[in-house]
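By written order: A, B, C and D. Residues from 1 in each chain.
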Amino acid sequence: MTTWQSSAAAAIAARFHRVRRCTLELCAGLSAEDLQLQSMPDASPGKWHLAHTSWFFEQFVLGRDPAYRPRDPAWHYLFNSYYQSVGPMHARPQRGLLSRPSLDEVHDYRRRIDDAVGELLGRDDDAGLLELVELGLQHEQQHQELLLTDIKHAFWCNPLQPAYRAPIAAADAKAVPLRFVAGREGIVEIGHRGEGFAFDNETPRHRTLLQPHALANRLVTNAEYLAFVREGGYREPGLWLSDGWATVQREGWRHPLYWQEDLASEFTLAGVRALDPHEPVCHLSYYEAEAFAHWAGARLPTEAEWESAAQGVAIDGNLQDARRFQPRAAAVGDTGLQQLYGDAWEWTASPYINYPGFRPLPGSLGEYNGKFMCGQWVLRGGSCATPRDHIRASYRNFFPPQARWQFAGLRLGQDR
Amino acid sequence: MTTWQSSAAAAIAARFHRVRRCTLELCAGLSAEDLQLQSMPDASPGKWHLAHTSWFFEQFVLGRDPAYRPRDPAWHYLFNSYYQSVGPMHARPQRGLLSRPSLDEVHDYRRRIDDAVGELLGRDDDAGLLELVELGLQHEQQHQELLLTDIKHAFWCNPLQPAYRAPIAAADAKAVPLRFVAGREGIVEIGHRGEGFAFDNETPRHRTLLQPHALANRLVTNAEYLAFVREGGYREPGLWLSDGWATVQREGWRHPLYWQEDLASEFTLAGVRALDPHEPVCHLSYYEAEAFAHWAGARLPTEAEWESAAQGVAIDGNLQDARRFQPRAAAVGDTGLQQLYGDAWEWTASPYINYPGFRPLPGSLGEYNGKFMCGQWVLRGGSCATPRDHIRASYRNFFPPQARWQFAGLRLGQDR
Amino acid sequence: MTTWQSSAAAAIAARFHRVRRCTLELCAGLSAEDLQLQSMPDASPGKWHLAHTSWFFEQFVLGRDPAYRPRDPAWHYLFNSYYQSVGPMHARPQRGLLSRPSLDEVHDYRRRIDDAVGELLGRDDDAGLLELVELGLQHEQQHQELLLTDIKHAFWCNPLQPAYRAPIAAADAKAVPLRFVAGREGIVEIGHRGEGFAFDNETPRHRTLLQPHALANRLVTNAEYLAFVREGGYREPGLWLSDGWATVQREGWRHPLYWQEDLASEFTLAGVRALDPHEPVCHLSYYEAEAFAHWAGARLPTEAEWESAAQGVAIDGNLQDARRFQPRAAAVGDTGLQQLYGDAWEWTASPYINYPGFRPLPGSLGEYNGKFMCGQWVLRGGSCATPRDHIRASYRNFFPPQARWQFAGLRLGQDR
Amino acid sequence: MTTWQSSAAAAIAARFHRVRRCTLELCAGLSAEDLQLQSMPDASPGKWHLAHTSWFFEQFVLGRDPAYRPRDPAWHYLFNSYYQSVGPMHARPQRGLLSRPSLDEVHDYRRRIDDAVGELLGRDDDAGLLELVELGLQHEQQHQELLLTDIKHAFWCNPLQPAYRAPIAAADAKAVPLRFVAGREGIVEIGHRGEGFAFDNETPRHRTLLQPHALANRLVTNAEYLAFVREGGYREPGLWLSDGWATVQREGWRHPLYWQEDLASEFTLAGVRALDPHEPVCHLSYYEAEAFAHWAGARLPTEAEWESAAQGVAIDGNLQDARRFQPRAAAVGDTGLQQLYGDAWEWTASPYINYPGFRPLPGSLGEYNGKFMCGQWVLRGGSCATPRDHIRASYRNFFPPQARWQFAGLRLGQDR
């Protein structure tokens, strides 16, 4: 074992404990009852997130050792999410029915996994191991965000509309004028460069052709979206994709998911709060983002346009680390592209498909991303619930076009 | 206030505290997580039962005093079950999404209600009050049974199949031969006589005409039902009602709800356990009970036949008070009609409709029973989850024909 | 073969040809396209009715002869309705997808069956045969009514709202005041007496106990029902059964099925027509009939009360034979019970269950009635679409409580 | 009016009558009953296709003249498909309920439209008119194909499985070995060039970047697909997209739509017929095409790869004009790319989205294509049901990934 290797193992071990602790911190104000809520099939209970992320390490890291004995073999069935190749799994919509194992048992399970992974990192540092631990941590960070969006949805379903965090002071931000900034055109490279971690779906880095275009300097605001609502956006079929209009009709949508009927307040993780006109609009479906762009005489950016713009931009912004858990108004006076990272995921005009030459991870981990490449759209840039050390320019998030419970908004783009 | 009245108030107050305490005792082994489970729209979380039964007293007993101030007006919406005339209510299938109020808050709520009702009974004893308190207690006892059947269903949904109570020792009972006992015929009276409590749907007492008939001396056993299963009962459409057969096909029924695929064991509140051949078969739908009777060359008794047979029989048996929570084999050597009370509710051949001249309770409490008189069938006699001081000869329970999660079995009847 | 037998065979043969021809006459104005419409799973195409009624004779009459060769064995699957014991069948909701066999082929099939049955009745007259032919004719008469109600529903689904028959002249009837007429009380006999044809579900004749009661002298009118609608009947949950209210909400019911939004006109088999205030209200579900009776401070009659009143009354009225196909106002000046037969089936307060001692027909014909004895309510008296020689005092029609597309209305009853 | 213009009008008029007559010829063997079938919401009755295509001319060609009076204003509602901006429309799943207007009336309607358009083309030839007539004809040709695929599905739903055309002689073709042909790489242009007709979604022509790749010389055959089926393709989740696997499970798919259970015969427009091993496999969903390619170690081509390969290739093949209505085996001895046009539409790896700079047609016709750019995949090349003068290299067909009732198969592609 070389010194270099040891320090790599030490670094990942430190990061391991930091990320795992962070997950617990996010649950600090939540009771065992809160952590069992599953408000819709797309969402999972917090307790399930706590267990599943631990199972991931057990299955893919500790399970590499044939001598490893799991905490309870029956839990494999409960906490496998969608890896068909490692066996059958508990039905997703039924995750909320698992009062057992208890939260205490799950916490104990986490500690066992923490100890075992920590111990393993103290005696082994082959590159494959370190990569798998890093994958497990990136996976856990994804679930941190889901834990927040899922509890937000669950609390919103409770007529008492409880708050997850303390009130957020009202801002006195001013409007930042909308401006379009020309992007690169011609052949550019996108996709992960090869340094640091990336998911398989960000690879291979490849050449792509950008059309002449420009991107808005900031995200679309509540005030702008409110104008769309007030001017009849939800009543005009001509603005919508056909499936979008059908969804608007079927679901009775009249505004973004968490806005109240008065169009003046919204449900947030800090409870109901006056709508801040300058904050980025959030909790939109792709359909709504696309219809708004249409109404505004613009369009959504492609994921290549976005990534090209983000390459070289420092990763900073209103991310999970700020512990605000709510988008924040753009900075007055900043003249460049703002809010690329954080605040709200940006719906793009790009369906989520494979990059040319894409190869999924080998084995069961190949089920992580590739099998979802149908019927979803790419989102870019992270949100107020995304950890800073989890997001990057090449990161591809994806959701079906009707999904609204994520922190998802939009930035306008246009042809030039 | 007369002495007689005072003693009536004292008696009801004692009963009030006993019944309320019993509800808590039934929850003793259940965690906050367990008590939040809602495994299907027909079932409710234990915590909701705890709160709703308290709300019932708040709404219909304490709320008679215009000066009464509820614990939290917002809870009215959460814990109203189906009383349209007292206002809108939380959607039934969403009861499991209420992590707040917490179990601790609900326990506190119960204590507040207990204190307030206790205090009220110390200073007031008008007959109307005492009747309403008794109604609230009968209501709470119904929910005690539902709490048990709901937690049984929820635990069964968990692949770990946890147990609610300690294991039940295997019995070495012998089979009690099936025998038919002739019933009364001609005009008889059924319905509540007027002494003691009864629900409105048990009234008025009225004359009805019994055809010549006989009733089986005991409930149908697991061994008998197993013969029906083994001989293809679930594969032969000719044995079933049309809706029943459609349900068998759609749901893939092949045996009673909690039997395992091996037809040799079943899920009980004490966990999975070998099927006892002499115990009454339980957790049948009306469709299954009816198909079995058809197969056996018999029929279900009418509710009037059952009530006529039960009149004058002492209320005793394997009821909730025995804390077994599982049917028990009939007693060898007993030559009369056995198991009329307890073990398993008996599906009857009688649709649940009003008695001639039926008048619902006045006001909102009129919604208690009358509005459900369509599409359900009457069950009689109580089960191993029914309190002894809650059941009576005239008691009419009712469920839709496809319901299986109640402790419901059958007794055969026949024409003579 | 005796002379008496011959004349019985001759009589049934004449009736056979008359009824079969009547079915064709009812289809006279309908095209092959009209006769293929299936507007909902509960309804069937006219062509299917034409074929199925012929199949019934083929299966149960001609098929008694082992040497009989069917027109096309594949049609057995297509035109079996619900007789599980004679083999599997085409899915009911798919009946509208059978463009082949063509209407011409089905007419040819009918002629083949007519000839074969006619020929059989010329050489055989055993009682079993004659009974089966009569059953087939009663069956065909039931389908005549369904053919009319199904085409009414199908035409109503067409935005052009075509008419089946020529316009009906507007009436200038006056209102007949509502009056209650006392019925018999005590033990009476109901059920078929044994002379002439009856379905198995009308037997056995048996004693039943009538409570003191009275029946309205005529059916409830459009004007009376309109008052219920205008006074908020469809907005007041307290008037409805729980399932009824859920149905009103889910389906958005605000008036009887074929009334227009203006509450002043209705769709009829003669096209859209002004609502006649004195005509019986029609196309109600059980829920609506029951809610109206509740609102009116009355109740629905039981089937025994109805039958007791109808015993001995001549079978006459606005029946299919009048070819009006629309209820007609009660006769001014008639002081007795009017409209017992014809106009609109009368929902009763009686769930459709077996009579005491009921035995279904032997063999496959036992599936005719008995297996539907769950979840439906009895209707009595026939309608403007029922043949006069098909209805009788003991006749028990039955439909689920939400069914509205039959000619179904109500007569009020009350306790005395 | 110039001579040149007159000849353009004359040419389009001739084409108009030719295409319109062709539609009728395709219906020649179908009865009024056949033409009313709607076997699923995605399909439409033949009669509706006949009427809707005529309505399209009435609305968008004849309706340009404000003095034009439609045949029946009520038909506008019936035969508008999805143009929200010209008014509300009859619900799609209810199209099969329109027995009125009759087929005869629809034929009469077609003649009226034919006459009016013919007359208009005799007196007016402005470019806008000619373009709209051409659009109407291309639209009608699309519906010719749908008429065939819809009647195929409807006949398949009939247990008698009737044939639309006379039997097709069995072929004695030999297998054509699979070979991959390198495609262009680097920047190429795709999209409509500007000569002749194109739909808006084929524009603008634009540059795109092709990765190194190759395409198979012919379509995948039944024999090849059968190997996939026999080797467990439908039982191995690892081969499928997540949504695809869920669909396989939910729908019970085990082979292509029209294959029989014996895997040796298939339902065709000529009735049931032995599966020809060398014919292209057909009636696949995108999911199946993608899973097969995965299993075969290849991938689907992108639409740009396909179009680049097809540019300059003569439009020929087994198209609608051949009146075979069934794919045909590739030609032995042909060494180039075969079957680019005709036989079966080729699923591509490209989601159906807008080309860069896409502008929908102005006005209501902008609803033709653009609003469906979500959740569908592009298919290329036409099928045995596509008219030769309707298909072209830039033609973009699109269907949702679960659609199977189109003549859709696949060609393999691969990275180089």
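Please note the rule applied: a residue touches a chain if its C-beta (ideal position, glycine included) is under 8 Å from a C-beta of that chain, and two chains touch if they have at least 3 such contacts.
Just so it is clear, the structure is predicted and the values come from calculations on it, not from any experiment.
Counting only chains that touch, the fewest steps needed to get from subunit A to subunit C is 2.
Residue numbering shows that subunit B and subunit C use the same positions for more than half of their mutual interface. Inter-chain spacing, taken between the CA centroids of subunit A and subunit B, is 47 Å.
For this pair, subunit B with subunit D, the centres built from the Cα atoms lie 60 Å apart. Separating the CA-averaged centres of subunit B and subunit C is a span of 38 Å.
Touching of two or more other chains is recorded for no residue of subunit B. Interface residues of subunit C, counted against subunit D in their complex, comprise 31-34, 36-37, 39, 47, 74, 77-78, 90, 94, 96-103, 154, 157-160, 162. The touching residues of subunit A, when paired with subunit D in their complex, are 82, 84-85, 187, 206-209, 211, 237-238, 240-245, 286-287, 290, 349, 351, 353-354, 356-357, 367, 371-375, 401, 415.
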